[in-house]
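Chain nomenclature is as follows: A, B, C and D, assigned in order of appearance, with residue numbering initiated at 1 for each chain independently.
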Amino acid sequence: MKAYEIGDTRNGLALRMVERPMPVPGPGEVLYRIRATGLNARDMTLLLGLGREPGPETRVPLMDNAGEVAGVGPGVTRVKVGDRVAMTHYWQWLDGAWDVKMREQDFAGTRDGFLAEYLIVPEAPLVHLPDEMSFESASTLQSAGLTAWNAVIESGRARPSDVIVTLGTGGVSVFGLQWAKLIGARVIITSSSDAKLERMTALGADNTINYRATPRWSDAVLALTGGRGADIVLNTVGMGEMEQCLLACASGGRVMYIGANPVAPDRKMPTPTALANFPNLIIKDLTIKGVTVGSRRMFEDMLKAMAVNKIEPVIDRVFDFADAQAAVAYMQSGEKLGKVVIRID
Amino acid sequence: MKAYEIGDTRNGLALRMVERPMPVPGPGEVLYRIRATGLNARDMTLLLGLGREPGPETRVPLMDNAGEVAGVGPGVTRVKVGDRVAMTHYWQWLDGAWDVKMREQDFAGTRDGFLAEYLIVPEAPLVHLPDEMSFESASTLQSAGLTAWNAVIESGRARPSDVIVTLGTGGVSVFGLQWAKLIGARVIITSSSDAKLERMTALGADNTINYRATPRWSDAVLALTGGRGADIVLNTVGMGEMEQCLLACASGGRVMYIGANPVAPDRKMPTPTALANFPNLIIKDLTIKGVTVGSRRMFEDMLKAMAVNKIEPVIDRVFDFADAQAAVAYMQSGEKLGKVVIRID
Amino acid sequence: MKAYEIGDTRNGLALRMVERPMPVPGPGEVLYRIRATGLNARDMTLLLGLGREPGPETRVPLMDNAGEVAGVGPGVTRVKVGDRVAMTHYWQWLDGAWDVKMREQDFAGTRDGFLAEYLIVPEAPLVHLPDEMSFESASTLQSAGLTAWNAVIESGRARPSDVIVTLGTGGVSVFGLQWAKLIGARVIITSSSDAKLERMTALGADNTINYRATPRWSDAVLALTGGRGADIVLNTVGMGEMEQCLLACASGGRVMYIGANPVAPDRKMPTPTALANFPNLIIKDLTIKGVTVGSRRMFEDMLKAMAVNKIEPVIDRVFDFADAQAAVAYMQSGEKLGKVVIRID
Amino acid sequence: MKAYEIGDTRNGLALRMVERPMPVPGPGEVLYRIRATGLNARDMTLLLGLGREPGPETRVPLMDNAGEVAGVGPGVTRVKVGDRVAMTHYWQWLDGAWDVKMREQDFAGTRDGFLAEYLIVPEAPLVHLPDEMSFESASTLQSAGLTAWNAVIESGRARPSDVIVTLGTGGVSVFGLQWAKLIGARVIITSSSDAKLERMTALGADNTINYRATPRWSDAVLALTGGRGADIVLNTVGMGEMEQCLLACASGGRVMYIGANPVAPDRKMPTPTALANFPNLIIKDLTIKGVTVGSRRMFEDMLKAMAVNKIEPVIDRVFDFADAQAAVAYMQSGEKLGKVVIRID
């Protein structure tokens, strides 16, 4: 069977297709036939060897996925051969409280990811896909989709009376817009591109702010809300935007903190970019909440809601398995709005 | 100025129009020019003198309302003359926890209601209407609309992944359908009338059950949900339906208890109609939650959400102030689906 | 190794000791050396063959337990030989939402329980005991202790400003008193025995009500709270007491429903004992919440809190393994206050 | 009647006693006879004229208070002459959601405070004192006591299984320790003074850390908790400590942000003191929540819990009304542990 490995990152992107033996599922394991995989900003860090010592790397990249059950090991009861499924990213997080130790074993982080024809996976974190959802659509959801779901619906507890601001038009922001409109909230979106803001308006955004034209975009949020501010702000960018996020909040508002600062060109982890003071936190009774993807139960909730409301993810472009390098290059170009998907036939 | 009084209920409905002197607002009070008022099942009990000793009654009936500020007393800061407003039903409940003592002073319960041209009201519980909302629309919301809002959004904490069942097609159920669809839930609705079920489907219901054809409607709910059941059931009927509500629930489900049993013909308060056992409560981890209208803050939240999502209440018919008796008679007929409104020009 | 089987229940209690082969743990399994097991009212139903067709029964009874890891199968990582542990009752409920399907596989319900020297158990639901907690103490917690914890701390969300009423002096009520006092609440306790009420006062109860002297005990709760009522009532008895529980509640109060009606002498499941009306549910904004033991995470939370606060369960009497019949007979006598434990050396 | 005014702060502390006419309550108002008032760090800022343009200032300082109702205006129903009461600091915040506009009218901030024999106050925010609570004790609660209550009990939702860290031994930290122990949590406390840490241990702290000896105190928290970390950290210091607060947190932990950075010597508002990055926020699923004192309902809850549990605030020293200057000087010395109170006979 075919798979891509990250390759030797000393000169940057080195993705290469290899042949691997067909794996066999053990007790409680599933042979997973991957049919589509999506690209995320976080994947790019790994693909480019940033944030770690560069060098040869045989791991299979990409964390998003959708496919079929092609075989089952002894004792598997949750799925059967032929089931259309997807794998939860933090696969030990089924329900309840998060534990940071669950990060130690994530797909595409410390073990092989999904840019391959097959992978052996545990059965418990698999979720069933709705009948009408394509593999391409389902393969965009694990990371950006579920993070936005957690931020808006689960941790954010958004309500139809809320004003929700999303920063930028990246994957999490586009899903954030969709989930916020799903529950009837008013959505304000920021971007430096009027073209992208027009796209977001077409997708349902109630108001838009071009932060190049209005660098102090928090003032624009206050102006659009009669001075009251936003109930929820999705900070998908990083600490550098936190002060404006807090200024944009209404009393009792919540900033969902999703974005980390980008990895610096010297391959080191992000350096501090903001001088923090944040007095608004106290006098406006605000909350900053970190959001780290979501559990299997949240994933299942999101799929249910998508099926009932016939919601499709916004897909910018689909590539063939053979063109994975082109997909990554397109992802790097920053032109896209919505997800980039690789189909595996 | 003109007002209706309940009249002498010894022979049933005795509504009569009277002249009253124009009232003058004191400190912190507002002269409220009522422009529309809606009818509720709970109003009928008062209009017919049920549940209490019948006799002459000079109170003004009806609890729903919308109108304008026509004058303000000293110290009023929250509203000004000309503002388009509505009055919260339990007017001492501004935000936070409910106290049953707040019932002692409710409009149309223990003090005059809104079937009149003017009324003196305190300023604090007034809420501003969205610009685009008509008085007729706004006058349907205080009781049925807000009760359903509390049941679905506030106490119910409904989510897009939920299955919500509403019983019947009364005022609370129709609003319940609207709020449940607003946040993207799947809605199943019951009725004894296929014609009404068709109307509910047109309003967005995902599934319908005719409980005359299927008396054990809880089985139908289970069948429609692959055996799992509902996350929220709006019990708008009474304890007689509680066992089926619990049987219809999924693990962790919640029954929002809204309806009381109807007042018996002997004018006494409802008698018990159910033998209670309810073992499902324990083994399925269920909750029964009483719902008692809602606070000013919930009312404001609901209006905000209606404005953003351009939601209109379902109005069956509008009567003129002079035809209040006809409006009540139409309400009694049980033909209506949606609200019956009286316009006060 | 030795174990007790329920035996042939056609003539009532038929508990008998048998020899069984020493079991061997498979992948992910643990050989559990049981060192103590506690008795619960729910066990009595099984031991006496009530609620089902009487006849021969080879299952091992009793659901509470504490002991040591005596051996581990392949792949076990959560525990090691020698660890002092206890098993969660609903062992599939690790964290998050309950699913009624988890009842299908409970210890002492559908599979062997813990009145034996050894049992094979899955590793995931095992919890570690605090160093200073004896096996006898730990063997009282799974059922009554955790149910009360869930009712007071988890589902009840009790606070130091709450008034909490517990009904009777059974296992759940005694733990309920301990957890309620742990978080600083005011506790009112009911019983028909002044002697038991004195014991409860010694254990920290703030007020007591003898419901034989005051059958309408809800009035006494109102009198003790200046007319306000209780924030939480633990209904450990059944639906027959529900109306008084609701009458005893303050606005916004919650009844935690734990008790089922006792099994009738004809061995059938409980019959309805209450005519339900419950108008207070609505006008006082009340909640009835079923409580079904608790998850592994709740169990761990409870153990942590017991260790920090040096809380010991109330143990009435400890029997030797050889005297299991005498322990059951003592349990039947109804004399006890606190738990009855069987030590397994 | 006698009162203190802040005086001309151009040379620092200028507190001076003045005679003022006895005020008369209007409609809904109460003549409040103040019997004790406590000192807070926030008061010192005002008394020293920091954070604003220095100059003559006739306002009465101090926000904490306790006393009696000495007279009532027309329409007052909540209290009567002779009632023992205290006033909520943010007096418009009765229950429910906070609104930052409520700060515009706070006692000792924008209107007169309580270092006086009498003050006219609105009736709604007055709370009744428990019978057994002295005026001196009650006068320590509004600011530090209620802020800590909100942080631990209300916003923090602390549980007996939680580990709670409080920074330093200021007023909020001492109350934080008391409330955390009240609900059975494990408490770790930091200070630079071993003597103060000994006092905190005597008050119930489970563990102490001298941050002078262990500047990276978050490591000590991790070591004391087997690597897991704290569930709640009360950051009473400011953003300069935020990174260590986050490092000290367990997965799912919450930092209650209470402290602002101190006002700089140039009388300007605090300058940023931390370079923010905070990646732990995301990977550990953490929350930072601003805490701004509390509502009347929280105040009443706290008083109820204090009465039931016989909790007394820690009072360092009580001064007479005539010695207010000495009280302020003692407060400045930083020697105290617990509250400094001024008695007004």
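Heads up, the rule we're going with is that a contact is a pair of C-beta atoms (placed from the backbone, for glycine too) under 8 Å apart; a residue touches a chain by one contact, two chains touch by 3 or more.
Remember, it's a predicted structure, so these values are computed and weren't measured experimentally.
In summary, the chains found to touch both subunit C and subunit D are A, B. The pair with more inter-chain C-beta contacts, choosing from B-D and A-D, is A-D.
Subunit A and subunit D have centres, each the mean of its CA atoms, that are 41 Å apart. Centroids built from CA atoms put subunit D at 43 Å from subunit B. Shared interface positions of subunit C, i.e. residues touching 2 or more other chains, are given as 97. Interface residues of subunit C, counted against subunit B in their complex, comprise 97-101, 103, 239, 242, 251-252, 257-258, 260-261, 269-292.
The residues of subunit D lying in touch with subunit C in their complex are 153, 157, 159-161, 179, 182-186, 206, 300-302, 304-305, 308-309.
By the touch criterion given at the top, residues 27-28, 94-97, 295, 297 of subunit C touch subunit A in their complex.
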